[in-house]
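Paired with chain B in one complex and with chain C in the other, chain A is shared by the two complexes that follow.
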Partner chain A sequence: MEEKRNKAAGIGGLISAAVLPFIIGLILALVIGWWAFPLVLFKEVPQPVAFKHSPHSEVMECADCHFLREDGSFSGIPTTAECASCHESAQGESRAEAEYIEKYVNGEQEAPWLVHQKQPDNAFFSHAAHSLESCQQMGCHADYEKAEDLCITCHPSTADLDKPVPYLENRLTGYSNSTMKMWECERCHANPNHLDMTNANNACYTCHK
Partner chain B sequence: MASVSKEFKVKWGMVIDVDKCTGCGACMVACQAENNIAPVTDASDKRRSLNWLLVYELSNGKAYPEHEVAYLPRPCQQCGSYPCASVCPVVATDKNEEGGIVSQVPSRCIGCRYCMAACPYHARYFNWFDPVWPSGMDKIITPDVSVRPRGVVEKCSFCHHRFMQAKDRARVAGKDVYDLEDGEYITACTETCPNGAIAFGDLLNEKHRVYHLSRSKYAFRLLERLGTEPQVYYLSKREWVRRQGDNYLQNEPTPVKG
Partner chain C sequence: MDIKRRAFIAMAGLSAGVSTGIVLSPLPWKLLDDLAIWTQNWSWIPTNPKGENTYTQSTSKICPSGCGVRVRLLNGRPLRALSNHEHPLGGGISALAAAEPQLMHSPARVRKPRLRGADGKFKDISWAEAEALLLAKIREAGSDVLCLSGDENGSSVAVLSSFLHHLGSRAMYLMPSEAQCASLAWQATCSVPTESQPGYDLESSDFVLAIGANLLESWGTFIRNRRIFAQKRQADENSSFGFVYAGPVQNQSAAVADSWLPLNPAAETVLALGLANLLVTRYGRSVNAPGFDAVADNLSAFTPDLVRELAGVQPRALEELAEKLASASKPLVLCGSEFNQGGGLAPSLAGLLLNLLLRAPITAVPLHTAALPGALSRNEVYKNDFLRDLAKAGNKLTAKLTLFYNANPAYGLPGAKTVAKAIAEAPYKVAITPFMDETAMLCDLVLPDAFGLEKLDDIESPHGCGQVFYGLSRPLQKPLGESRHGLNVLLGLGIELGLGIGLPTFYEDVLKSKAAAMNLNWRELHNGVTFERPFLRLDDVSGLDLTRYESLLFGPARGVQAKNMLTLAPLVKNALGTAQTGIPPFSLKIVRDDELAGQDSFVALCGETARHLGLAAGSAVKVASAQEAVFAKVRIYEGIAPGSVGIYLGFGHTALDEFSRGKGANAFELMIPAEEAGSGLMVWNKTGVTITKA
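Right, the complex of A and B next:
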């Protein structure tokens, strides 16, 4: 009897001696993996201009700056000339604007904007296929009333933000942390609601070039 | 080998009139420029250089007064029953997109080259070198075609990016992307051929020129009896040219179409 109890206590001690370090190790690993590693991996890079969407979306439509051209290509970020139609002279008193006018409008050069969504060279993306018109032609998604509702299924909602979305660059790959991964495209493309109902195709060649 | 040919609503195909081809090679140059094929240091080394589209010279084998030559441009045949995709261990190549173009995804390819061994047309090439453009020439890189690193297999894609662009154009115009008009989507070689020897379009759409050309009695396909069902047709009124499209026994008559 006596011996057995001792043995049981020994096993209990063994378990706590083995399990406790394991749990501590696991917690440590999770903290490092989820918190510390991303902190080390991504560095914040400032946009060339402290551009805010909010003052602009009050006076303009999204499509004034982001629109599809007639040939089907997407005019992503406007050129300095387009911005200069208003910013020829200062619209307000902010320093950001003064700096922008000084450097880009008067300097007549394009701002090297950082695109959060920028895809690698081997991926093909088309905004024409994901436009509201294309969506509505299929007769689906009555829940999307304006283009913006659709944009934010893939992009962070920038329209009402009064500061730029921080651009986090992966130190190893050079891509931003908010670029869409293949599995995120697949969430729609492999979805049976899209696959046979629309032209959303899950063939490799649809998105790869 | 996949024994059943895959069927699509739209089947992009090419019809090349061998009698119109002068062998000038403009199509090869256009292809090279369009698809970001970098010049290699020694292009005379045919084991290490690559062409998505290659012009072959055919000869009737007779002596001078009867001697005749013909030129036969050879892109990927985009087979309906594709020997290459069925051997690919990693699905880097497949034929599953509407339009019937055989895909080639370089980022997926592991460079095992089974597909090259399987292709009866030698339409596939291994990339031996990382592409290097002479300074200045890199400015003409086509943005919608990815640049392939060394160690992968590549091949003609029927200028697939032009297909995507044509669809986007149709979308913005509110048209059906699977009912493109004749000429809305053509390959770079088709556009460039100074003699109009290459026709490109939907083989299943009566409004397209290739629909009729491919059904001509002078039309033939390469190694037709292998059952690969290519989507590339050739035209020639000369029987000896048609005869070179396949391996016939000496006394075997050339088959006559419908």
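Right, the complex of A and C next:
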């Protein structure tokens, strides 16, 4: 009897001796994995110019700068020449604008903008195939009134921001932390009956040429 | 260290906790994913440049059809050639023209001048050394210089022949082609306008009979032909437009024709004369020209029975075809060699005779020659037959200096090995070429020429077009390596040699003068605009004379004998490139498994012929002519006439790059050139072969 009691106390003691370190280890690892690791993995890289979307979105449409070309390719970020059509001389008193004009407009060079959504070469994405017109033709997103409504399903809206979105560069891959991964594409492409409409093709060659 | 039991358990608990926490965090999964991506972004892995696409127009100089292209450029660099529907010779794009931007970066490109050393190996030299050496060799050779060019549509003919003229030589040659036969036939038939070629107004025709001419794949302006064909077919599903193809192989044209008439190889002339005979005797057709009575007398021998015996066409089929031609309002006959060369004058004359009898919509397309002292027109150069003169000289190139301009005769002439031997033994030979091809490999000095979209060049009325055409191939990027425009190099040497009288400094000046003489706007032309100019209808052509048909046409036609052996039926596929380009890497994916398997190319036999020879699909065979033997595999194809052996041209390169070298057999090695009775031109469209198991 005494022997049995001693044995039970021993097992209980062992468990109690292991549980606390387990919990401590678990919490430590979760903190490292969820908080410290991203801090180490990503570094914030400043954009070449402290660009603000908000003053622009007050007077312009998004598509004035970010548009589909006639051949279906997407213009992406406007060129210096396109920016210079308004900013050949300063529009305000912003120091960033003055620096931009001095360095890039007057220097006739392109600003090395860091693209949050840059995709690798092996991923071929056509904005034209994902345009509002395409979606409306298929009947899905018929409630969207303007292209921006659709754009923000993939790209976080920056129209109202009065400071640049921090560009967090992955130290290993060189891509930003906002770069869309394949699983995000798969939300539609692996679900061909997306909204019962798209019949999105999920064959490899659809995106990988 | 003494670890107590309790401490061990605590450590185990901590480890388990850390492990569990790590697994439940993104750390391992994100790290694995990022490591995989990291390996894709190593600095030495090339990446696509980003930028804006721009488009510009040009004309493909490397595609024999001279088709128009719309070039996509990224940051000013040509990336892709697309079809140009606004171009007179466009409307689609050939496989070769589509490959042009990529081909400019071919590993076979010559990047620096190369000199063969005493050990037989090439070494790179500077342009200054190369020019000094060539200058010395030209001075040494005096007037004993020969030039063979592979460019028949451009003003290079005028520049090269003028250069030779200044040296005192008239030994200017072009690589043989269907255009040469058509041009000589035209010159033998009508004398006005003096410098012209036959044009084919496909647009207005309502019935086309192609005898041998692979209208939609390789004959003449085949991209334009395809566009017209498509338009006629699309215009009305029940279109009255008719198209019949007659030839030994059910090729790309036969596949879409209303009907295919199987024909023995090299029997094009016999079929055409059989039809002409029926048109004269049954439909009362005639030609108002001297010599027609003698022609009619000679035609009477080409009865349906003789056509059956020599061409393998049944009398009933012949009569039906004659009726179709006679009843069409604007029939047009295109007659030539199925592989665009080697047919001689007779098929072109026979086709022309049929067109004259039918009052077909053929035209006289005036030609313009750049105004340079002593320059020869291409019609004049066509009269020089390189193979005939080579044979007369005992298969030896005796000129002290032989110049090859964009030509690869060591691969692309019949009896290729004999030609290669002659080149190897020639006193001194120089190649101006963009590619290190078979001929360049045999030369003493190789000068890297700019290529395709790297150089300014012109294209004037390619064979087969219906109107006068003039367009430019425009330089859209810097020449690769140290390549230069070969004609500018020659013109520069001309000045050094003191030949300067009338010779311009730059080739661009030649083209500008030519455009001005044609009343064309250079600036518009340089922007990619192409021009079509008036032409003469047959009614306006004067000086028709058929008196020479007796010797030129009926002499060789009577010499055709019934087929009693296997005959080679060479096939052309544009995707397999030209003798000069080799197989573009861009086109490899459309080379089919029954055209090339590994290193083996195929010969096509119909089931009946294969059974007779005891062969099955895939059998390894030796194909031998009296000249040479090659090895291949058997493909059973019922779209080939019994007794004919289909073999693709374009395989069997021994030079160029890994995409062409050592792939299959070179059919040119099997062919044997022989002199055509009457014209004296060399022909090689009826090569008898034997096939045995290898």
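The rule is simple: the second predicted complex is superposed on the first by the 201 of 209 C-alpha atoms of A that agree within 3 Å, B and C clash if a C-alpha of one lies under 4 Å from a C-alpha of the other, contacts with A are read in each partner's own complex, and residues count from 1 in each chain.
As a working rule, a contact is a pair of C-beta atoms (placed from the backbone, for glycine too) under 8 Å apart; a residue touches a chain by one contact, two chains touch by 3 or more.
Just so you know, these numbers come straight off a predicted model, no measurement behind them.
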Clash or fit: chain B and chain C on chain A?
clash
Return first, second, both or neither, reflecting whether A:175 touches chain B, chain C, both chains, or no partner chain.
second
Counting residues of chain A in contact, which comes out ahead: chain B or chain C?
C
Which holds for A:134: it touches chain B only (first), chain C only (second), both, or neither?
first
Touching A:203, do we find chain B (first), chain C (second), both, or neither?
first
Once chain A of both complexes is superposed, is A:126 in touch with chain B (first), chain C (second), both, or neither?
first
First (chain B), second (chain C), both or neither touched by A:190
neither
After superposition on the shared chain, which partner residues are touched by A:29: those of chain B (first), chain C (second), both, or neither?
second
Who does A:71 touch here: chain B (first), chain C (second), both, or neither?
both
Colliding stretch - chain C into chain B, listed as 27-35, 99-107, 513-521 or 675-683:
99-107
Hey, what residues of chain A end up touching chain B and chain C alike?
69, 71, 73, 120-122
Quick one: in the complex, what on chain C touches chain A?
6, 9-22, 24-27, 30-31, 33-35, 37-38, 40-41, 47-48, 50, 52-53
Seen from chain A, its contact residues with chain C in the complex are 13-14, 17-30, 32-34, 37-38, 41, 69, 71, 73, 75-76, 79, 120-122, 170, 172-175, 181
The residues of chain B that touch chain A in their complex are 91-92, 94, 96-98, 101, 103, 105-108, 144-147, 157, 160-161, 164-174, 177-178
Spell out the part of chain A that touches chain B in their complex, as residue ranges.
68-73, 120-122, 124, 126, 128-129, 131, 133-134, 137, 199, 201, 203-206, 208-209
